[in-house]
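Just dropping this structure here.
Should a chain be cited, it is by its letter among A, B, C and D, assigned in written order, with residues numbered from 1 in that chain.
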Amino acid sequence: METVIAGDVVDKSNAAREQALKADYAVLGEQLDRRGIAIDAILKKVEAFGVAIPSWGVGTGGTRFARFPGPGEPRDVFDKIEDCAVISQLTRATPTVSLHIPWDKADPNRLKQAASRFGLGFDAMNSNTFSDTVGQKLSYKFGSLSHADAGVRRQAVEHNLECIEIGRTIGSKALTVWIGDGSNFPGQVNFARAFERYLEAMKAIYAELPQDWRLFTEHKMYEPAFYSTVVQDWGTNYIIAKELGDKAYCLVDLGHHAPNVNIEMIVSRLIQFGKLGGFHFNDSKYGDDDLDAGSIDPYRLFLVFNELVDAELAGAKDFQPAHMLDQSHNVTDPIESLMLSAIEVQRAYAAALLVDRKALEGFQEANDALMATQALKAAYRTDVEPILATARLNRGGAIDPVSAYRASFYRKKVAAARPAGAAGGGGIV
Amino acid sequence: METVIAGDVVDKSNAAREQALKADYAVLGEQLDRRGIAIDAILKKVEAFGVAIPSWGVGTGGTRFARFPGPGEPRDVFDKIEDCAVISQLTRATPTVSLHIPWDKADPNRLKQAASRFGLGFDAMNSNTFSDTVGQKLSYKFGSLSHADAGVRRQAVEHNLECIEIGRTIGSKALTVWIGDGSNFPGQVNFARAFERYLEAMKAIYAELPQDWRLFTEHKMYEPAFYSTVVQDWGTNYIIAKELGDKAYCLVDLGHHAPNVNIEMIVSRLIQFGKLGGFHFNDSKYGDDDLDAGSIDPYRLFLVFNELVDAELAGAKDFQPAHMLDQSHNVTDPIESLMLSAIEVQRAYAAALLVDRKALEGFQEANDALMATQALKAAYRTDVEPILATARLNRGGAIDPVSAYRASFYRKKVAAARPAGAAGGGGIV
Amino acid sequence: METVIAGDVVDKSNAAREQALKADYAVLGEQLDRRGIAIDAILKKVEAFGVAIPSWGVGTGGTRFARFPGPGEPRDVFDKIEDCAVISQLTRATPTVSLHIPWDKADPNRLKQAASRFGLGFDAMNSNTFSDTVGQKLSYKFGSLSHADAGVRRQAVEHNLECIEIGRTIGSKALTVWIGDGSNFPGQVNFARAFERYLEAMKAIYAELPQDWRLFTEHKMYEPAFYSTVVQDWGTNYIIAKELGDKAYCLVDLGHHAPNVNIEMIVSRLIQFGKLGGFHFNDSKYGDDDLDAGSIDPYRLFLVFNELVDAELAGAKDFQPAHMLDQSHNVTDPIESLMLSAIEVQRAYAAALLVDRKALEGFQEANDALMATQALKAAYRTDVEPILATARLNRGGAIDPVSAYRASFYRKKVAAARPAGAAGGGGIV
Amino acid sequence: METVIAGDVVDKSNAAREQALKADYAVLGEQLDRRGIAIDAILKKVEAFGVAIPSWGVGTGGTRFARFPGPGEPRDVFDKIEDCAVISQLTRATPTVSLHIPWDKADPNRLKQAASRFGLGFDAMNSNTFSDTVGQKLSYKFGSLSHADAGVRRQAVEHNLECIEIGRTIGSKALTVWIGDGSNFPGQVNFARAFERYLEAMKAIYAELPQDWRLFTEHKMYEPAFYSTVVQDWGTNYIIAKELGDKAYCLVDLGHHAPNVNIEMIVSRLIQFGKLGGFHFNDSKYGDDDLDAGSIDPYRLFLVFNELVDAELAGAKDFQPAHMLDQSHNVTDPIESLMLSAIEVQRAYAAALLVDRKALEGFQEANDALMATQALKAAYRTDVEPILATARLNRGGAIDPVSAYRASFYRKKVAAARPAGAAGGGGIV
């Protein structure tokens, strides 16, 4: 299996850190032992935990107003796969890539080859009917799967079927559908009729889903400039999954909710009713900010994983959530942000594994609210970095991925090969 | 049928206004005629439209910090019924009262008699397991229908069954269940287990529901000081109604949602899937403010009624929403606020009846967003007050209910008979 | 003075509507007379009221994800001026255009000529240091006026000075500064140091402001993807205006606040302390949506104007607010949206003029909350369209601007002359 | 100095934990040493850090709907002081109590004696003009310091002067003013006039402030049921502090802001302009929830302390913020919640002290957003509990305050002496 970063760069970086890591791991092991937790069992679970990288995440994102590209931006899907390989090599936490069609359209066999060369697989396929592309017959300006015009809906359905077809070849097992359909003004669409049309179109897609695939639908409260979106919240998303059938599940993007909403509770409800499909991880301060996972409210990420671990240990029905990052990197090197974000997701998982669930249940039964919440805090406060770093080291990654990456001068090298992208400005203050 | 306010007070008040009203009604009739709308048909619908008054609404409300009672506060449910009779007499828009048990507990036959004396009926019964009452065996401090302890849950179920029993005697046909169950801290309750227990308890209540009754469950994002509530949003509420059965419906309180949420869209979804039970009307600026309906965002109230009228005209399945006010009056005379709020709800209904729905549908099909939203605005902008006032006058009410009420000195009279309530202060800044 | 739309198109459109308008105006006059209001005085004030059109508003806007251009998009600032002339001709409510540099950069004398040909003037100049432009020496990726590097700050200052220079020639009297400076992550910038640098740079701009100019700074809570912005709210904006001096004022964009914030109260505070510079009018449901003014919450727009009229009548010190639209039109013909938005702003102004302020003050002094809020509602509910339409007609505009515009086939004509723009898609779901 | 909890209870509790603590402290010391941080210097700062306990915090709080009292609720201010003594004894982090008048009214000399008996001092005095008390001449129903009636304003001023007088005797050095003045409906008050009246009244209070006192004003976006409050945000609060003079400062309650607002940035601005008076610490999920500090978003609390430590190290002008808890404990033993909350505040302080500020500044200057935010995270992630526990132990407190407290059966003892409080229910669903 090929690696992108030279092995000696990683080795040298690790050598400088290994002794301290070993000491920290040993000490943490003793401390956890006192709490009745075997550190090696946690380590093993962390090693087995992976999160998918979105192909579009390795490019620099932007706002409605401007995009400020960085050096060495990927020119095409093959550059993107190479960038993903760097992330995977250094973190050993991101075994798969999630493609976006048509942005990543290419010969499926070449795609498969490019990925497997680096030991990468493919996660869910993502369709795009929220923007128009060159050569597209009908416009999605006024919607796609819920459009008033049957021709547009058909075109959107066919695009999704094409995504399934590509995915089939490259080994994907799921299709994720997010649409930008909605309205800008009251009255612009009839809510009920638009949703009927959407359901009908989705049923046509579902009908063609391979037997061993899953269909993920993603809710989102709004796009800037919207007054309504068709799949606005988990309530609507749940209805969709119920209407479609057993292979249909709800995808939760952490940034797609109204202010203050208790997201971990939504996660719990979807698990309880067998409809949690997976996650788009990211963080946000104000809206759908797509910031690095755990960068704004790390406790919230932990509380989400507290639900996931609870369900995992309880053996919840139909529970096999897909983990994926979905972020926009405007001011950082996307590779660095994605590496640290994948680790942040692992961190939340590892910490949630430390919760003393038997004690927690006892406090809950006894209405001891204070000790119950402290049971979570005790786990959350534990610095699990030695476990995460050891997991990386054991599997050939870097103890400190960002340092190793910077030492490799990868960005400088690709900047030389890949021409600079164009900065862009929008139009509204 | 008895009236509380002397007939000559109303007559005198109307006499001074009738001529202008007739002129305004005629002019509006001509203007609507130009738009192809028969004003008398609208008038007839408005005359038939009623909204229930909550018994607790005629008392002065308060905040967590303080309550500043007004003069002549009702001492018991019979005083409350008399106040409701005033509202009904002057507005002719509020034919029913909604009781809250145990606050309004009394001999059911006496209750029935007291109400029918003024021509009033009873709307949905409201149970209360969100506060403890004197003599109550087990406390609801840590929940009621979802409590960890089966004994508490049983007590809460029995209380609801008692509400049904009372309602049966007085002629109510629905039970509304809102609970304050939830948690203050992460980890305090297990979301899934609490919801399981809640569903189980609700099923026990549902099992005893008379054949011709409906069960309304009410969602609410939060209480101040909460981290989670059990029935937090319409998604959970919808699941409840589905799990319980055909007589179970969702109640929408306009103030119980996250910031920015598109409530009219939730209304549409619930109608579409046959689960809209009814409304608690009020308005809010920040949270669950329980301010007078339409006082903060009147266009939002109109947009809700736009959905209701759309469903009414389309003959939506299982569509017979209950209309009720649910407000807290802290700085106004509750009777005045309730009169104007009932009228405000009628106003939204009347305006929504003016929407040119055929034209609207055409604009929607043609993606003419601008003209579609203008079709709503054209209806909303029409001042329908002449219709509302005529409806009141035709049915024996007051053209200007607040003026007539003030001229009657009702408040002064009851203040003499009812002793002043105690002001109260809480404890947290 | 030249007009863009043929006079007979307007005449024909008006002819079909004039009789009904005259009747409606007369009736409204009588109704207002009953309330002690002289309709002609209101009409005169409305006729004198103008709102500026942003040059960028006549193009189709987009979201972070996509832009779907319409036909006949303006190719350059001269096309934009022509589109603005259409708006002005039909509404007679938009006498000025507000330019954005460098987007609208052109020979100032040609600009002046192009505008005056249609009787248009220029409102505030807008600088742009929130995106990079071709040929720009240093990037604004990490900020502009608050950038850590003095060279970038100097470049940004010089750009603003250039805007003043252009504005001087074309007759503008104000500079509006909005920056996209901020941070995406906690710790990325030191809040205090960044604000110090910003203030220093602004002082350099202020120092070069002509004696009869005003400087407007605009606050904004966030951009999508941000964790902080430098001028985040009116508190910071007020400090800026105080630090800079007497010619510095705060600009309020209605969409730039946190959820639920009481904007009319901010307006009142800025008036009270002599620092209200003016407005960017628009509406929003969730964030900085830049939707058509009054399209989502028309009562809020009225409440803002209630403050403005109150200050106007009270003769508040330093009170001469600039009125400007600032919207993004994604699904409508921008010209239509801008025409109706200008009218919507006039509508709020006209309605606010109808408030019985003497009665209102009496209710306020007597703590009669109910009658006080009804005093506002009585004004708001009055349909002032006959006044607005008469103002347009009297000054040579169209009674129904959208109908006249559609009858002129202007969009079709310019679509033939102006090549189709490119649709665009972003990169983040 | 007297202690409430028997010394041997604390000793026994500590004995069981001391060995592990010593080991953990040593290991942490080594780890920090590697990062160039001397653990003992941090320990010393933590030992010197104190936070005030609000007298009202030791009682059980409630919501608008209900209050569920716990056993052994304090009957008067002397019981409250005893409860505060427990908190102080076990945590050694809460040297002062903050009184609320008239709730805590008593002979000042007795108050002083009661507190000094336990080594406690008094923090800021809190006035109360947001609720009426028995025997009060004029009502605050429609406001206090901003009331339309001069008599009410005078009464409110005099109440504040009385608070100063009491505080003078007992050794307080500050007055905190929070008012519930505002409006429930648009138009109810004239924003500008109400604020003028407020400023005038505050000037009268300020004029009587002793030379060595400080005046803290507290802003708050809303109370449930409000449409506006007079001191709605930090912008208004800043103007107040500027208008009053050098002894006037702004108090920041973490729960009093609009959704999503960046509070740490407000803290920075107030520091920069010399007007940060101090804090009311608590946490919240939805509104002004008054939950335990750090219980919902611990990273936010850390980010606030990141600003405070930054200012402390930079020697910011006029920087001596008052630290106080302000919480409502509805489902926990208030003493336990207050102990853990005080520790949580210390935790945020200790972690903020670990930030490598030189490195951080370097990353900021270099626009290395990723490493800058990681510099904060590295400090935040460090589990500083060994430092906090050692600080308690060194000063005679408990390593595990909750365990020691429970082992003392203090609550059971006071429950025997103090009669059970009354549960209460409100009136609005």
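We take it that contacts are C-beta pairs under 8 Å (C-beta built on N, C-alpha and C of every residue); 3 or more make two chains touch, one makes a residue touch a chain.
Nothing here was measured: the structure is a model prediction, and the numbers come from that model.
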Checklist line | Chains touching both subunit B and subunit C, listed by label | finding: A, D
Check: What rotation angle, rounded to the nearest 5 degrees, superposes the C-alpha atoms of subunit C onto those of its identical copy subunit D?
Finding: 180
Margin query: So, comparing C-alpha centroids, which chain is the farthest one from subunit A?
Written below: B
Notebook entry, point to check: Once you find the CA centre of subunit A and the CA centre of subunit B, what distance in Å lies between them?
Noted result: 42
Item checked: Chain centre separation in whole Å, for subunit D relative to subunit B (CA means) -> 39
Check: Touching two or more other chains, which residues of subunit B qualify?
Finding: 141-142, 184-186, 188, 221-222, 227, 259-260, 262, 285-286, 295-296, 299, 331-332, 367, 369-370, 373
Item checked: Of subunit C, residues touching subunit D in the complex -> 141-142, 148, 183-193, 195-196, 221-222, 227-228, 232-236, 238-239, 257-262, 264-266, 268-269, 271-273, 299, 303, 306-307, 310, 360-361, 363-367, 369-370, 372-373, 375-376
Checklist line | Of subunit A, residues touching subunit C in the complex | finding: 54, 56, 59, 61-66, 68, 100, 103, 126, 128, 130-133, 139-142, 178, 180, 183-186, 188, 218, 221-227, 253, 259, 280, 285-292, 295-296, 326-328, 330-332, 423-429
Check: Which residues of subunit D touch subunit A in the complex?
Finding: 20, 24, 27, 31, 34, 259-260, 262, 285-286, 295-300, 331-333, 336-337, 340, 367, 369-371, 373-374, 377, 380-383, 385, 402
